[in-house]
Amino acid sequence: MSKMPDSLVASKALVSAKGGRMLRKKKTWVDNGLLPVVVFFLLWEAVSTLNGRFAFFNPIFLPAPSAIVREAWYLAKTGLIASSIAASTARILVGFAIGMVCAIAVGVLMNKYSRVDYWLSPILNLLGPIPALALLPIFIIWFGIGEFPKILLIAWTTFIPVLTNTLDGLRSVNPTLIRSALSLGASERHIFFKVIFPSAVPSIFVGAQVSLGLGFSALIVSEMMGAKSGLGYIIVDARNYFKMSNMFVAIVLIGLEFSFFSYLLKRLERRMVTWRKNGMRSAVEK
Amino acid sequence: MNYNIKEVRGLQLAVQNVEKGYEGRRVLKNVTFDVDSHEFICILGHSGCGKSTLLNLIAGFLQPDSGSVTVNGVPVKGPSKSRGVVFQDHALFPWYKVIDNIAFGPEVQGKSKAEAMEIAHKYLKLVGLEDYAEHLPDQLSGGMKQRVGIARALASGPDILLMDEPFGALDVLTREMMQKELLRIWLELRPSVLFITHSLSEAVYLADRIMVMKDGDVAGEFRVTMDRPRSNQHPEFIGLMREIQKLLTDE
Amino acid sequence: ACGSGGSPGNAAEPDGSSTPNASDVKNDGIELKQFTLVGVRDAQISSQQIIADKKGYFKEEGLEVTSQLIESGPDIGPMVAGGSAPISIQTNFMDIILKSNNVGVKIVAPLAQIAGTQAVVGGKHLELKSAKDLEGKTIGVPNGADVVIAIDNMAKELGVDAKKIKYVNLAPSDAVTALEKGDIDAMAAWEPFITKAIQGGGKFLFSGTKSELPDKQGDVNWMSVHTTIQVTDDFLKKNPNTIKAVLRALNKATDFINNNREEAIKILSPELRLTEAELTEIMNRNVYSMEVNDNYLNDSNGEAVGSYLKSVGNIRELQDPKSYHDLSLLKEVAPELVKAELK
Amino acid sequence: MSKMPDSLVASKALVSAKGGRMLRKKKTWVDNGLLPVVVFFLLWEAVSTLNGRFAFFNPIFLPAPSAIVREAWYLAKTGLIASSIAASTARILVGFAIGMVCAIAVGVLMNKYSRVDYWLSPILNLLGPIPALALLPIFIIWFGIGEFPKILLIAWTTFIPVLTNTLDGLRSVNPTLIRSALSLGASERHIFFKVIFPSAVPSIFVGAQVSLGLGFSALIVSEMMGAKSGLGYIIVDARNYFKMSNMFVAIVLIGLEFSFFSYLLKRLERRMVTWRKNGMRSAVEK
Amino acid sequence: MNYNIKEVRGLQLAVQNVEKGYEGRRVLKNVTFDVDSHEFICILGHSGCGKSTLLNLIAGFLQPDSGSVTVNGVPVKGPSKSRGVVFQDHALFPWYKVIDNIAFGPEVQGKSKAEAMEIAHKYLKLVGLEDYAEHLPDQLSGGMKQRVGIARALASGPDILLMDEPFGALDVLTREMMQKELLRIWLELRPSVLFITHSLSEAVYLADRIMVMKDGDVAGEFRVTMDRPRSNQHPEFIGLMREIQKLLTDE
């Protein structure tokens, strides 16, 4: 009775002190999410500096953030970083988008037609867990080493979590809402777009969040095959030639890039899912 | 609006020897009754006697275990926009604003956005919630949600209106206002109405015919012949109240 | 990148072959001018390829070769099998394995003897009084790797019980780390990991061609493996003149590497992501030569190799070297290099 | 009003024809999920046989199931398959269990204390997407090449999806239920175990399902370090030496093993979540 | 059972100058009133006038924007088992069977499983649902859910009972039965009761005092002095009905 969707928190905040407090919390979380990251890097730097002095372990095992930045700068000058980010981002985005679209489409079909579910489910159970690394040689044989197999690999990796979450989202629609829509004259298309889909959107976003992270794993594997740049390429190269600091450069870049995309996803979700209450925290005003 | 069309086709709903159970426990036992076109029927009955179940069968959400539900002789195989439903638990779309919830029906039935909005606003006003058009269902009080549910069902212009305790959460004043509005709409558009209520006086005030259910059976039917608007001082009113009360209280 | 995307080098019948630019430079009717030569970013595999590319030897032959270096050697197998690497450079062991999978592929020339870069490096704390001390020690090596041949032969010659050596399955890059950390006593791998391991405090013990073990110092012949250039049967049939041109270019590159080592290293160093010092050391362990000799035919492609590959399950049956060789083009290009014949 | 939890479908079925139909459907899906798998393998065999006759492509591209079985038999005789399944299963199960427990614990803490959320969220966003392949060398440095880093890698891979789904599940608890429990005198512990957790369980299961699949990906990477057997080991070995049929053996084994575990998970879920309605399908009786 | 303890401590609830709004729209405007220990108060008011909001404040789910809600002088900072709530939308735990829903309170308050079950069965019987102990909430009719919600709140033995239209979905008969039971329990355990209803006669039948809310304000209070059980023929009954009706209807 007294919970309100996130979207309204802002306007509420303009009024009461309480609202104000809630707004601040939200803002902190989103905007100042940077503080913990900064502290994290500072701590890491401190550990590395201490290690540099007392030599607990070989510093190549855990280069200091400053060393990583230096390394990154060095790599950036060769143009590798810019081109890698560009190439990887393109691959991730395209693969991710394809995987998402297919997963949602297949999920809808499986939810709607129990025949499809019946036939597809066990097959997907068999194929779903095939690791990217195992697919790699097969993909090379079938599709060569161009962009197509790379994107396909990322799409495939994206596919399964989104499908699983989509199916769950579709399954958990409140049936009374479907009844309600049907009695109002909604066609199947309407039911899907105006009832089932809005209700499954939160679950789909969870799948997307997970898949986005996995996309980077798939990226590495995909960029093992004949890539000339890309964050995955940097990692494979670093691994092959024992350039631990390059490895860390790529890892940090992946972390930052993921954070950025993940933030965008969350923004989009907050925009699309204004109506959902946030359980625990909205139960009781403090 | 489409008054004429309905007048012509006239809807005949027939429930025949319907049985329905959940997990082997029979809830409806051999229920039979008809609803004439334009008829206003109220259903009374104790908590758990199967009223909502019956409504769900007529709406097409459930299928009878045996017997049949037909509209103009055609078995009901599923929900249809010709049978509008007001749900006991509102069933508003939580992701749509109040106004969009009401516009849902007209919109999916092919009306233009502007037209649908116009209709929605009309019914929103009718239930006295003009000020809440932009609210989400979750921001409404219990009674307000109920009224939005009613507005939504009305806005899609059904031939039969199936209403499950639609005025249960309303205060006396709002309830009276809503009763009057419902009658006005019914007189204008002439849908058949199946109206579940726990208020005896409400039933007598509204219905052409009152069906009393007991333990999954139709225990009695009462025709109300008074003219509308009805006064609770009218002898027929008082007599009916007493009679039905007795039937309900009898063990 | 290239691959399935329809870049001419990958297709068996690219447009280059339909419109041969006969007027161009010197050519003996080169069938295909533009194509991709796939190698590995690795000093033993692709040094000649890189030099030929950078020094313009391919161009001189009227070719427009796209030189593609793959990060992980094992991917060349699937690429050859799938048709995305009709002409490639890898070791002759790969051809044996491909052949046993019925992939139609022919070695057209050897490029280098690289057994010197297949080596065993001991950890910082490994003390060996004799080779026999390796018994009971743990060696990190990719399961089924070629370099195990060298260990087996060393064991045979120095009276070590090879069965008592413990092996841990580790990719070379991981083995370097594990060796430095002391999780393993020694590692067996190839370059550049040997050099990396030595930089990390490891001690060179022995390679396929050289030993620094206490009980055996100097040249040995414990292993033989060659880098080779191979083409698919289809490519061979359609583009003999192209292949000959490639062989000529690679031969020039071989000479350049052998005659101008320092300059070669300067060119190769950035391409191979190794310092000049590292590269000097690595390249010294290889013998760059396109000679088909006894060592190539009987050691690198001999029965012992086949038996080993079979014993670790890498092949099912022994393969007749004839079935995966076609040295006729090399003979036409440089008859002096073919010093032995396939029997 | 007319939806019923799965658990009741069976008893219902004993009574009405309609119920009977529903029971059959359920049973088919669960028990005869084998039929689609059988058809799948038969089709594959047929394609391979046709290929064997007409030689469209080299059979190494797609070995026939019968060839894979032969290969598997060959490998089985060496004892490799039995030991690999044993080793991999143990690793997956332990890693999966650890990852699950940690993810749920961290999820609960993050949901409960916004401080924890504030500090952990951005860090996890940075670390979450680090691909297993990039972690491998770092893990070897830190933890050596024993069982511990292997299991840790699997646990880590399991952790993120379960955490993401757990957080979503916790967020979507109906706040009125929490209010209800609080007014009945529930302590925080009670709220968690009797309200939040039951309500988040379906989401957690979705995360578990996804993670289980990912566990096999992590397995391969983890078995790159010093394993002597394991399904991942077979795959890495197959990749290194172009043993495509071994690769397919391992893939099929992974698919079957995953299907089996996934089935167990679904059984467990159905047992734990008897109360949940299945949206679309239960909306309207047919 | 714990009758004595309560008799001793006596609970004094004070709502003082409470304001509360959502998104800047003030819903409660300066509400002030007291509830004595053991007092039975009914709240009447139009749909959306802020009754549920007020209840949520007293329950400790919401905090006032200004003003205070205190129990024995101590500000209410959050929910507590001493303030039991019957929710307008039931809020039953969907994963627990009916019996476990009712046993929830006793159990989390440290009673043994057996004891809790015994208590639960007692209250289940009280609301007339012995046969439905093993059902899930989703398998109940609307009125049954409401009764389970009431049984659950009662079973945890609160000092103040906050009830939001608890009998809204009940038929007349069940409603009368529930009213009587509620009075019996109240007389036995003597909690304070805050009871929101839309039925005027129910309010007069039950309450010590009736509070009428209008637009976020307390528009009037009426003390009921008749002895219980009350007859709707009693002059005070009739008089109060008329008076309150007038206040509610006045614009």
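All chains are identified by letter, namely A, B, C, D and E, in their written order; residue positions are counted from 1 within each chain.
By our rule, a contact is a pair of C-beta atoms (placed from the backbone, for glycine too) under 8 Å apart; a residue touches a chain by one contact, two chains touch by 3 or more.
If you're wondering where the values come from, they're calculated on a predicted model, not measured in any experiment.
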Can you give the shortest number of steps from chain A to chain E, where adjacent chains in the path must touch?
1
Hey, which pair has more contacts between C-betas, B-D or D-E?
D-E
Express in whole angstrom the distance between the two chain centres, defined as the mean CA positions of chain D and chain E.
47
Quick one: chain B and chain C, Cα centre-to-centre, how many Å?
83
Rounded Å distance between chain A and chain D, as computed from the means of their C-alpha atoms:
18
How far is the middle of chain A from the middle of chain C, if each middle is the mean of its Cα atoms, in Å?
40
Would you pick out the residues of chain B that each touch at least 2 other chains?
22, 52, 60-61, 78-79, 88-89, 139, 141
Which residue numbers or ranges of chain A touch two or more of the other chains?
1, 3-4, 136-138, 141-142, 174, 176, 179, 182, 199, 236, 239, 276-277, 283-284
Residues of chain C that touch two or more other chains: which are they?
74, 77-78, 81-82, 173, 177
Write out all the pairs of touching chains, ordered by chain label.
A-B, A-C, A-D, A-E, B-D, B-E, C-D, D-E
List of chain B residues in touch with chain A within their complex:
59-61, 78-81, 83-85, 87, 89, 91-95, 104-105, 108-109, 136, 138-139, 141, 152-153, 156, 158
Can you check the complex and tell me which residues of chain E touch chain A?
21-24, 52-53, 56, 60-63, 65, 78-79, 88
Listed in rising order, chain A residues that touch chain C in their complex are 58, 136-138, 140-149, 224-228, 233, 236-237, 239-243
Which of the residues in chain C end up touching chain D in this complex?
74, 77-78, 81-82, 94, 97-98, 101-103, 140, 142-145, 168-171, 173-174, 177-178, 181, 183-184, 312-314
How about chain D: which of its residues touch chain A in the complex?
1, 3, 25, 28-29, 33-34, 36-37, 39-40, 60-61, 111-112, 114, 117-123, 125-134, 136-138, 141-142, 160-161, 164-165, 168, 170-176, 178-179, 182, 196, 199, 202-203, 206-207, 209-210, 212-214, 216-217, 219-221, 232, 235-236, 238-239, 242, 244, 247, 250-252, 254-256, 258-259, 262, 276-284
